[in-house]
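In this document, chain identifiers A, B, C, D, E and F correspond to the written order of the chains, with residue numbering beginning at 1 in each.
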Amino acid sequence: MSKAEAKPENQFEPKIIAFLCNWCTYAGADLAGTGRKEYQANVRIIKLPCTGGIDPLFLIKAFERGADGILVSGCHPGDCHYNSGNYHARRRWNVFRPLLEFCGINPDRIQFSWISAAEGGKWVETINGIVDAVRELGPFESYQKLNTIGPETSGGAADASSETG
Amino acid sequence: MIEELRKKAEELLKNGTVKVVFGYGEGSVPERTRPVFITKPEDVNKLTWNKYCVYNLTTYLKRQETRKLGKPALILKGCDARTIIVLLKECQIKREDVYIIGVTCDGVGDPLAEKCKACDVHTPLIYDDLVGEKRENKEVPFEERYAELDEYEKLEEKDKWEFWQKQFEKCIKCYACSNICPLCFCDRCIVEKNQPQWIDPSAHPRGNLSWNVTRAYHLAGRCINCEECQRVCPVDIPLNLLNKKLAKEAEKSFDYRPGYNIDDELAMSTYKEDDDEDFFK
Amino acid sequence: MEKTLNKNNFDSFITGLKKQGYKTIAPKKDNKLVTLDEIQDANEISLDHVITNNSIKEYFLPKTEKILSYTIEKNKVEMKEPEGFAVKSVIFGSRPCDAFSLPVMDKVFNWDCVDKFWVERREAVTIVTISCDKFDSYCFCTSVGLAPDAKQGSDVLLTKISNDEYLVETVTEKGENLVKELESVFSDPPSGTPDRQVATVEKKFDIGKIKPWLDDNFEHDVWDEFSHKCIGCGACTFVCPTCHCFDIVDECSMTKGDRVKNWDGCQFKMFTMHTSGHNPRNTQGMRWRQRIMHKFKYYVEKFDSTLCVGCGRCSRVCPADMNISEMLEIIETEAGK
Amino acid sequence: MSEETKKTKIGYYPGCAITKCSTSEEYGTSVLGVSRVIGPELVEIDDWNCCGASSGHATNHKLSTALSVRNISLAEKDGYDEVLAPCPMCSQRLIVSQDDVEKDEKLREEVEDAIEMPISNNVKVSNYLEIVKNYSMDEIAEKQKKKPEGLKVASYYGCLLVRPPKILKFDDPEDPKTMDEIVTAIGAEAVDWEFKTSCCGGGFTLSRTDVVVKLTNDILEGAADAGANAIAVACPMCHANLDMKQNNIEKETGRRFNIPIVYISELIGLALGLNPKDLGMDKHFIDTGSVINAFSNIEK
Amino acid sequence: MSKKIGVFVCHCGTNISATVDVEKVAEEAKKNNPGVSYTTTYKYMCSDPGQKLLRDKIKEEGLDGVVVAACSPKMHEHTFRNASKKAGMNPYHVEISNLREQCSWVHPDKPTGTEKSVDLVRMMTEKTRKDKSLNPIKVPVTKRALVIGGGIAGIQAALDIADAGHEVIMVEREASIGGHMAQLSETFPTLDCSQCIMTPKMVELAQNENITLYTWSEIEAVDGYLGNFDVKIRKKARSVDLDLCTGCSSCWQVCPSKKIKSEFDMGLGKRTAIYIPFPQAIPSKPVLDREHCLLFKDARKKNIPPNDSKVCRKCLDICPIAPVKAIDYTQEDEIITEKIGAIVVATGYKELDDISMYGEYGGGKYKDVITGLQFERLASASGPSEGEIQRPSDGKVPEIIVFIQCVGSRDPAKGCSYCSKTCCMYTAKHTMLYKHKVHHGHAYVFYIDIRCPGKGYEEFSLRAIEEEGATYLRGRVSRVYKKGDKLVVLGADTLTGSVVEIEADMVVLASAMKAQDDAEKFAQKLSIQYDKDKFFSEIHPKLKPVESSSAGIFLAGTCQGPKDIPETVAQAGAAASKVLALLSADELEREPVVAKVDRLPAPIFSTCIGCFYCQRVCPYGAIESEDIKARDGSTIKTVARVNEGLCQGCGLCAATCRSKSVELAGFNDEQVYAEINSVEFN
Amino acid sequence: MKIKITTKELTSDFAKEVKERSGIDVKKCYQCGKCTAGCPVAYEMDYMPNQIIRFVQIGARKQALTSRTIWLCASCITCTTRCPKEVKIAELMDVLREMALEEGVANPMEKDITTFHEAFLNSVKKHGRISECGMIMEYKRKRPKAALKSALQDLSDGSHLMLKGKLSLAPHSIKGKDSIKRIFEKLG
């Protein structure tokens, strides 16, 4: 997939942050490496013991820091190293995802998957999938715009008062 | 009914069952009431009851100032009493430490508050004493209960974003929403944690989005939609839409509505093996 | 200088301002609220209200404002101060109480150190006030020594004299210049004494009795009793035109950051919280007392003026119906005992 | 059978081999004749075309996919949820093509372009055994008029009813049972034998007759060894090979099997008391008289 | 005071440096990351000189934080933490940037790989800046081991531990220990009799004073943690009092239900309803099969207590024990609880027995198509035919046997991709056993590859071909069908490029070694990981081959993957030695990656508000409640507290806590924040 | 036989080409021979099915495409069904046939078969459906020898069919003939 030389020039390269559980998906990503399975280099991994340990705040912060897409991935249901961590995580995303959607954030910017330690191939597919999907969506400009607290002026950027005075 | 309330309050204060009665009193203007805290039997005449009694008085259970007044009796509408069930589940109160004077209610606010439109707790589900005539608690269909959301859910993604950005822009980070909320009872709100500072305290678009989303998320599966946050918002952000959306998702996905049954597991601290995961890849 | 301004000319007035390079801020209806907001043309203006929901202060002291930005490189920090924050503007249609808050606050921002953000904005903004022709039960400007047609703080004061005519009085040189710049939209002043349509706000308490009582009653049951219903949200301080506390925080990622000045308020529990966990104002009663004391005792002692303009916003907005004038009436009664 | 299933209307795709005036028209005739009695209602898809089996996929994958998919899109246009293709070569081609375009977005685009119709792939394509099993078993029991005596039937499925199993998802590819169930249901004996899914040589009828003769010989021998006195089929190609090549076999090996090869639809038809002629049973090479005569009226 | 961080970039030979410009990565780390005071690259960081370099630089440069940019932390995090510890630095200030598995090996384009590597190093540098010193948690040890499974692996492990002087509890779910090895006839490559080497060990175990044996028992629940497990064992109702019974055999001799398929004989032989699985069973005392017993059947039918049934009762009547009989129809399951310090899981494998998935081979359809283990029973002197090779259908001695290898192994289409490892050898053995017993017979073996890399294995399999005359055909079989009383085997010989048709008398499928049916459930019960084939996973394939993912639980034998006997015994010994190492200490050190609820000075005490969501979500019941008391004894507030002994460090509580009053050491709020922050896409 | 491997011959990766065309991954094949063992036509083939896969695996393009085997495959899919490695062998034969035709290297010894396919498709192209009679006629015209070989037999078969009213001389044509033609133009 997407060898660097095959890349069209000026192609938008999405920035993806992946929150992975240590036992399954992180190991799955390692396995992809052991199997020398090439995939796109747009992902930065943050390893946690369990998907159950991912607070939605992490995702918000990742977007604030400029992520165009986020991947949350852990063990398949029933396979959690901590028995039920992924089940709790899944509940969280069951409400958090619609909330973001309701606020106008494209749900495709956050993807959830189960990738086991044995699924190096699925890891590669998932990464290429999310990178391609987010590339299609384009940069998350609407969110990134929030990051500038006004130009060189003051106050909330979107606040009329900021340009007053 | 007012007389009945006053009599009940007087009796409870006199016989020492409670030290204070949280109730409603006359407000600055006729269209308002205000919370009153009656500690002396002779003050019970300050109590009133009318359609402007919108407050959810359970919020005073979390405030140390009003807690200090001693064991309270609370005058609670059906919706407010749902809060008690959640607070009990979340170990914030003990049942024996509060006395509930339930009032039956046909709706408050003028015009009628949104929360009353699909009310199915005209008679409180939990109380020690009930004042007013018992009403039938007829369940309102799911769609009807969340009908308010329809027009927003229908919006295009871009319009949703614009709508909410316009709303959040207004936010001045006064935190009235969380201060009034009976279920925002953390000693230290996450926004007050500054090492690290997950949520920017500034009232700029970034901080406002993070705050409002997080506030709503923290109420997922807990909020009983008393709409107090929305009522008190000085810049008129329709906060309850977010809460309602989450309530809808929790009900849809987990078949759970907080504050109805003390035996139900709290939605966000449990799971089912067959919880929806269609969105997983 | 006196002129008249016909309602029909609001349009050309606003267009004129635009042409002259002013940004215009005026009351604007947005759903349930009327707020001072930037407008593009005159039909956006809404004058059918007692007072705007937000106060004039946010155009001089914004709710959040970057006062410094910096980039961090290895062992090196580069800082940059913001520029261009003061934009030539006109605030049109603010109320006299709001306008008066500006000279009151000038004192605090020019005291031991000069706050350039405040001062530069003050210079850049011209205030065109409209006298109040109506009021509500929360208004108490007359009790703190103001009037519905008070001129202090305004550059130009408009007073309704008929259904569609306003008497235009310039108060300052800046105001006079503004009127001159847009001379064509104004008409000559009316001959004779115009019928000034100004509301009559009755006095609620005697301000003279307040400070002496406060001097003696730092400890008093009334503080706690009155504030039991307070939920500590601080909305009162944020809508108050004279509350001016702020907090400074740094917001940064790994390589860059902003130093930001945000509104803060004495009603928050965290306001006085020490790192140790100790909190000298540990109860809402103490915080409420602080608010009253600051406005009617400490500020008076320091700057010789009450830090309250009687606009009543804090009472209108209070989720628990805490009413400041009611508090002051209680004090008056207590003082009379 | 419930009212609901009675109303079920299913698109009918005969395919070239069993449509009127073709080599295997008796299969089509009997399928339609039987369905008129026991349902479901079959309505021929308007303007259907050849699915391309077998030369199409053997030499040009895209072309054969387009030819197949065109029929599915036509069925969809006509509003059918399900299509019956009694010929297994057709049903297999249709299903595999559906699967191909579903899995290959690029192919789908090319095919959509070629057939000038969109593909939504919501139509379920079924073979004849599936249709009988899913819709008509109760009806057969209800409306059966005749029962065979001493009829030992070897159910021969051939290749394409069950292969490739991962895509067709029909019955056990090594030991399918559906036809045996139907055979048993009408009261004949289903013999257990080993060649249920062995290949008869299929499309080599004309081009490599020698291959077909060898393979059909094995199958017929298997059936004979198992004691079958008839072979039931549900495929025109299997029928043609097994029916027509018995002469060739005799010429080459000297052994005459003389085993009647009957369509399963014909057997059902006989059980329902339909006229053997209306079922096309006079059009076989090997005389079907012994089968027809095995059936006698059920005394009620 | 900011940390002094050293960044060590490993070339990993050329594994990393081939596609990552390691020099540039080091340079960028130094240039851009505040706090980085030293950077270097090194060929092999994990090597001894590499570790020495790390230790030296920590001391020389006064580093108090280290980032090693190398392979996956799963490989050498421990190595580098240990090295840092030796240099006097708290090991939890070491973080690993995964440049190999997650960068150089997957991104062949050098600029891309380098760019990503720079980011990865920065992320870990930032995390390191927020690392806190952590100290191992000490927990006491119960000096008693549990061995689950009484096959050769369990027996070996139990004996090794017991011989070292520690108590062992063995739980076996069958009526006798012995496992699969007891079923085998002879063993490769020496062809010595399995029973001859197995039964003495079984007896030794039974007589060992340190070992308590629970047969006909299963693990009900495992709670607790390393060094302190609480194990609940279900002793299934045996209907025979083991203390009273002498194993006199009267009961099973009189039992009228004689036609029950013997599990031990793989269904080829028969047994009674009250039975011992095989003559050398340990304990040599029967169990009553309530499923098939006439009395129990009657009781079930009439819905009455078994003891009230008047049917049969022959076993009870004949039991010579007096005054209380050893047979007891009223026995019920009993749950016993044991305190355990360490666990060896030796639950073994299951032979692929659902051969009906091989319809093309007539699996499950033809009696004379049998599995490898069935052949073992046929060939065994103690088997149903007393060692005569007779085919099951008619008892005829087969003159042509076809052996098909890789049945259920190496067959992804049927859901099993791995090699079962033992079949090549046991098939070679089968041909020999066959030839020894049927001299005129012919054995044909269809194989894909012959895999015999053990000591003496190659010679053994060649012996089968060269000396014993088995014919090996290189190819698979596609079809087996019946023709008369013969089985026609349709196979291929790819070496000649032809189809081969064999008319055989019997077909033996070299069926795969599969995980136990309930492996998944069992693993969940123990909180250990398992792989896609449901074999239990070792924590590191090379360096920690017997450790499971749960501390204190070790793996032995085929529950972890296909193995032959020598390998099983070796692994059992290894597991035993791990247990012994654990039990030799009075206290254990545990990784301090545990959660903690914050505690602050008065008047706040803790920001925890006591909603106990953390308690509800904790999978380990590790959250307790604590009353914070005033001097007068009154409760100021009730807050959560983590029991460090129970906490496994999943972080569920931390993510659930709305006020973020709980944090997970090693992944605390600031560390995660720093990592997210450092991604710095802006 | 000798398979020559030189840099010239290896310029294209045959297995990869096949995979790109069809998605069939022959590299998965571990040469167990189960396909061969079950193939009903293997006895007639010049190379066993597993050997054809082997040709593709090692890049022996010519041997694979010019083999008779690919034409003798009856598409019964037994091999695909039983393949332990899920290699779609029958479908591979389709692809190889397609490639052989494209490159004009189809084995002349199996011209009977290729001509049959040609006649078949021509009939579909013309009418949208098979005109069995027309197809047979075309086939016989083009392969007179084959026809001769079994002339008598065929004649008797054919006449018998016609006698029973099953073979129609008039072609079945469909309304959408043109759309079928366009399909052939685009993909044929």
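As a convention for this text, contacts are C-beta pairs under 8 Å (C-beta built on N, C-alpha and C of every residue); 3 or more make two chains touch, one makes a residue touch a chain.
Computed from a predicted structure; not experimentally measured.
S.K.: If you walk from chain to touching chain, how few steps can bring you from chain A to chain F?
M.R.: 2
S.K.: Hey, what chains does chain E share as contacts with chain F?
M.R.: Of all the chains present, those in contact with both chain E and chain F are D.
S.K.: Any idea whether A-B or B-E has more C-beta pairs in contact?
M.R.: Of the two interfaces, A-B and B-E, more C-beta pairs touch across A-B.
S.K.: Hey, how far is the Cα centre of chain B from the one of chain F, in Å?
M.R.: The answer is 73 Å.
S.K.: Approximately how many whole Å separate the CA-defined centres of chain C and chain D?
M.R.: 87
S.K.: Quick one: chain A and chain D, Cα centre-to-centre, how many Å?
M.R.: 51
S.K.: Scan chain D for residues touching two or more other chains and write them down.
M.R.: Chain D, residues with two or more chain partners: 173.
S.K.: Scan chain F for residues touching two or more other chains and write them down.
M.R.: Touching at least two other chains: 78.
S.K.: Mind pulling the chain E residues that touch 2 or more other chains?
M.R.: 360, 604, 617, 656, 660, 673, 677, 680, 682
S.K.: What residues of chain C sit close enough to touch chain E in their complex?
M.R.: Counting only chain C, the residues touching chain E are 72-75, 253-256, 276-279.
S.K.: Residues of chain A touching chain E in their complex?
M.R.: Touching chain E from chain A are residues 3-5, 15, 17, 23, 26-27, 29-34, 36-39, 41, 44-50, 52-55, 58, 61-62, 65-68, 78-79, 81-85, 88-89, 92, 116-118, 124, 144, 147.
S.K.: Enumerate the contact residues on chain B facing chain C in the complex.
M.R.: 27-29, 32-37, 55, 59-60, 63-66, 69, 172-176, 179-180, 192, 194, 197, 200-204, 207, 228, 231-232, 234-236
S.K.: Write out the stretch or stretches of chain D touching chain E in their complex.
M.R.: 172-175, 194, 225
S.K.: Please name which positions on chain B make contact with chain A in the complex.
M.R.: 152-153, 155, 157-165, 169, 190, 198-199, 202-206, 208-210, 213-214, 216-217, 220-221, 242, 245-246, 249-250, 253-254, 267-268, 270-273, 275-277, 279-281
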